[in-house]
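Two complexes follow with chain A in common, the first pairing it with chain B and the second with chain C.
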Partner chain A sequence: MSRYFTEDHEWVDVDGDIGTVGISEYAQEQLGDIVFVDVPDEGKELTKGDEAAVVESVKAASDVYSPVSGTVIEANASLGDTPGLVNEDPEGDGWFYKLTLADPDELSELMDEIAYQAFVAKL
Partner chain B sequence: MSINASGWRPEAPISVGKTSSTTTGNKALMLEEALIFEIGDTTTTGVDFDQAPPLQGRGWGGAVPQNATADSRRGPTPNPSPEGEGLKDSRLGTLARTAPIGLPGLSEPETVRHYTRLSRQNYGIDLGFFPLGSCTMKHNPRLNEKMARLPGFADIHPLQPVDTVQGALGVINELANWLITLTGMYGVAMTPKAGAHGELCGMLCIKAALEARGEGHRKVVLVPESAHGTNPATAAFAGYTVEDIPATAEGRVDTAALLARLGPDVAAVMITNPNTCGLFERDMKVISDAVHAAGGFVYCDGANFNAIVGRVRPGDLGIDAMHINLHKTFSTPHGGGGPGSGPVVLSEALAPFGPLPFTARMADGHLQLIEEETAGDEHPHSFGRMCAFHGQMGMFTRALTYILSHGADGLRQVAEDAVLNANYILRSLDTTLEAPFGTSGPCMHEALFSDNGLAEGFSTIDVAKGLIDEGFHPMTMYFPLVVHGAMLIEPTETESKAALDQFIVALRSVAERAKAGDVSLKSAPHFAPRSRLDETLAARKPVLVWKDPDLAQAAE
Partner chain C sequence: MSDTDTPNADGDEIATETLPLDAWHRVHGGRMVEFAGYHMPVQYEGIMAEHLWVRESAGLFDVSHMGQLVFRAEGRVDVVAALEALLPADIAGLGEGKQRYSLLLAEDGGILDDLMVTRLPLVHPFAALAEEGVSEPTGWSPLDGDTPDIDSPQFYMVVNGATKIDDIAHLLEFLPDGIAINHLEDQALLALQGPKAVDAMARLVPGVADLVFMTAGAFDWNGVPLWISRSGYTGEDGFEISVPAEHVEALADALTAQDEVKPIGLGARDSLRLEAGLPLYGHDLDPATTPVQADLGFALSKRRREAGDFMGATRILAERAAGAETKRVGLLIEGRQPVREGAAVVDSAGGEVGRVTSGGFAPSVGAAIAMAYVPTALAAPGTTIQLSQRGKVHHATVTAMPFIPHRYVRAGGK
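This part shows the complex of A and B:
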């Protein structure tokens, strides 16, 4: 399983043709306490770059863009009651949704963990 | 000697260090009170009503006029209610209330105390310094209020015949003339109800002008980073695609980048001047000329006009449309959703497209209201109507009062003093706090600082909360977005040097504590009626309405 990052601070874990999407540790740190997460419905077709979810902190509401294209197969139901999961474990239990990848080639446009850390270090 | 044996022995208070909390929860003048629903009971009222008379029956068979004829006295047959007569029989039938209504039933003193207590917990411009930037909060002269309450201004209706409201129309017309003169523009739309509404009015004028020219295909509006946040929102709302123009390191529009982007697809440029970093856009005329040469229009956000009124005429800078927040530049109370007013001054190119209605003084001095029916051939290009009536009359009377009581020289001094005060704050604090654009020359109406240099874990919000303890309303925080941890301070022209000095001392002290990592600042305010609130919990589990605890319990 490998993890890819976008410049907009989303990550996607890929296992076969299933991707799990969330936001990075850096993103949750910047947002502050998350108070609400709006995840996409199952079956929703997403194109890479689409507004897939909304994450709201005390500070502001931010769109989460889908790092890859595909069809949503599951959303993280735990986030409804405990949006704080995104703060506590953004790159684990705080995942947003899973989708079946439409085009695995899109992954080549994303950064790996090392490249992302280097990208964040420059911000 | 004779000794008063009452036992009263005046002495200096003894410092006992930390005082314990009180039994009542009250802190002397700061009184605690339960929610209004939790005071008194719900069965009393200050107004007496007689018990409703028992129902005699249904239909109108009850009373019969005494002088009725024998025939009519027979009348319709009374229709006795099936439940019989009595108090339980209500005229509301099945709609009668079966559960308590739950409204607070307070005595007059309880009610008066409730509202008096609330008003004393409110920090307002009439109480102290309100340093909010980006939203000029200036004093509200009582003369304005007196004028606005005059019969003939306060008690009229927009549908009254124009002959009966010549004075009110005269106020609108006189104010319109002042705004045109002060801005060096050609026309003015008085109806928009607030700044962003004015922006929309201006953009709709631009749209109408472009379409009249057959250039409706221009779809791009350029908005610099230093513009107000409402600018891109307005452009998008009016159907345009918004493109950002970067700012320079000194906090102004990157003129080269803007000029490079101009082209046949650009409808307009929206620039806030003075901008949100508190700086005057020096290249305004160069930008306007280039935009015009490229066939576009220039919209200026005039929210900060109070910094240049009487000193700069936007018309001279090539601006085509600019709204003026009457409630910022020319006083009048606002904030908390209060009324605003955003007249839009228009260039000669845009004036024909302005909205209806507007006032016009005829050759004989009579004022007429130009509406759809009367626009005729003189104003056929209007984009239409964006308000039901003539605009915010209450604002017009206040703004004109402010203008006339200051006069032309007074308005010029308003701008000068506002800028002087802001620079005094900027230069008094720029050794304590980082002023990111401190080297860009004098600021205009507001001073901008960043949170750079505060101790690890400390942010602008801690400084703001500390200021509450020092007796000040906090400054604008975290805006503009281009500055990290922004603190935007606008003193306006109305504060005295003594008031500014006290604020500077307070902010310097709080900032030094934040730089030193004083942990007590993390839980400030300590002296306000409520200390630091848990904003995260409030957002995650908001309690939006009061619920009767008994009912809530019964439901569970």
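This part shows the complex of A and C:
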């Protein structure tokens, strides 16, 4: 399984043709206490860069853009009652949604973990 | 991912300035943002934890961006009458050391700022500053030839940071000659808020426990003159402390050295005041809103209403008699998603009939709350209304404010 990152601090784990999307540790740290997450409905067709989810911290609302194109097959139902999972485990239990990848070639435009860490270090 | 809201975007014309505690905030882990033209800490350990800490213990806020002004007569001018011409408060009836919430009003009745005004006793820490010329008025001078009338009452006023320069310009334009305004730019301002604030403050400054809500006095801390009021912006008991800038780091250290006290950022200051139902100037109040619309009728004293002799009185009194078309109300939002400033209040057809002016997740309520201006017909508590934010409809119920009961320590018992 490989993990890829965007410059907007989303990540996508790829296992076969299924991708799992969330936001990075750096992103949750910047947002602070997360109080609400609006995840996409199952079956929603997303194009890379689309506004896929909204994450609300105490101080602001932020859009989450889909790092890849595809069809949503599952949203993380746990976030409805416990949005704080995104703070506690942003790159694990705090995932947002899973989708079937429409175009695996899009992954080549994303950063791997090492490149992303180098990118964040410069922010 | 990107922010769709840009909070704290007030005042961006001039270079961002630093406050006396700037380095202290950074050492204590404050995440600095630009606010009202200054670098200020939005949070330290996190807004939610800081908010809850203030409600259960005590939090230290740096509010040195706010404007501290002292008014005094330079000649035979009546300071009381001069201030009453501009403010709807009963200044004449304000005793020494008594503090009152008031509003700076435009000629059309719009709110230019909200503020606290206190009658100073004859002996107060700011008198020496004025005599030493440490903080003579900036950009103008007292009138030549006149000496201070030491028997004249003097008043201390705290105004909002983002509006202080405009406030001073307005005051200079409309106050009569012979009133000197000292802008105390060398005084820092701290707020210590929370149910344990009195324990921490009284350990450093014995005697502050004798103050009650909306009273103030001069105190000494290790030879440093302090002006302390029992007031604040969180709905909790607490104090606001004016301290010479060169001593503010030492005082902040002494306060946070106590177990009850942690430093608190602007983020929690905003969520605390929202829960307390207290309006924020530039958001819930502005020159297009009047005290009647803003539901701040308590700031219009009875004597002043009857006399109708303050700036903006014509419109405000007419509106008070006839009823305002819109009113500021509290809203309890269904669901957890915050509905924030700028969201529309909509009717059943989707047409905009009002506007949310502040909103967010309320940590002590455990729900999303907001303040909004709605048509008066929709302003009664219990009324359900619809809001529209980024294309999504939210349901809300008009709720009496405060959302969390105030816990002020008032005269005549705890």
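Operating definition for what follows: the second predicted complex is superposed on the first by the 123 of 123 C-alpha atoms of A that agree within 3 Å, B and C clash if a C-alpha of one lies under 4 Å from a C-alpha of the other, contacts with A are read in each partner's own complex, and residues count from 1 in each chain.
The rule we apply is simple: a residue touches a chain if its C-beta (ideal position, glycine included) is under 8 Å from a C-beta of that chain, and two chains touch if they have at least 3 such contacts.
Only a predicted model underlies this, so the values are computations on that prediction, with no experimental measurement involved.
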| item | value |
| --- | --- |
| Superposed partners chain B and chain C on chain A - clash or fit | clash |
| Contacts of A:Pro83 with chain B and chain C, given as first, second, both or neither | both |
| In the superposition, chain B vs chain C on chain A residues touched | C |
| Which of chain B and chain C A:Asp63 touches, first, second, both or neither | second |
| First (chain B), second (chain C), both or neither touched by A:Val35 | both |
| Touching partner for A:Ala118 - first (chain B), second (chain C), both, neither | neither |
| Superposed model, chain B segment overlapping chain C, candidates 170-178, 494-502 or 548-556 | 494-502 |
| Footprint overlap on chain A, where chain B in one structure and chain C in the other make contact | 33, 35-36, 56, 58-59, 83 |
| Touching residues on chain A, where the partner in the complex is chain B | 33, 35-36, 56, 58-59, 83-84 |
| Residues of chain A defined as touching chain C within the complex | 8-10, 23, 27, 32-33, 35-36, 38, 54-65, 83 |
| Of chain B, residues touching chain A in the complex | 478, 535-536, 539-540 |
| Residues of chain C that touch chain A when the two form their complex | 1-7, 42-43, 46-49, 51, 267, 270-271, 336-338, 340, 360-361, 363, 368, 390 |
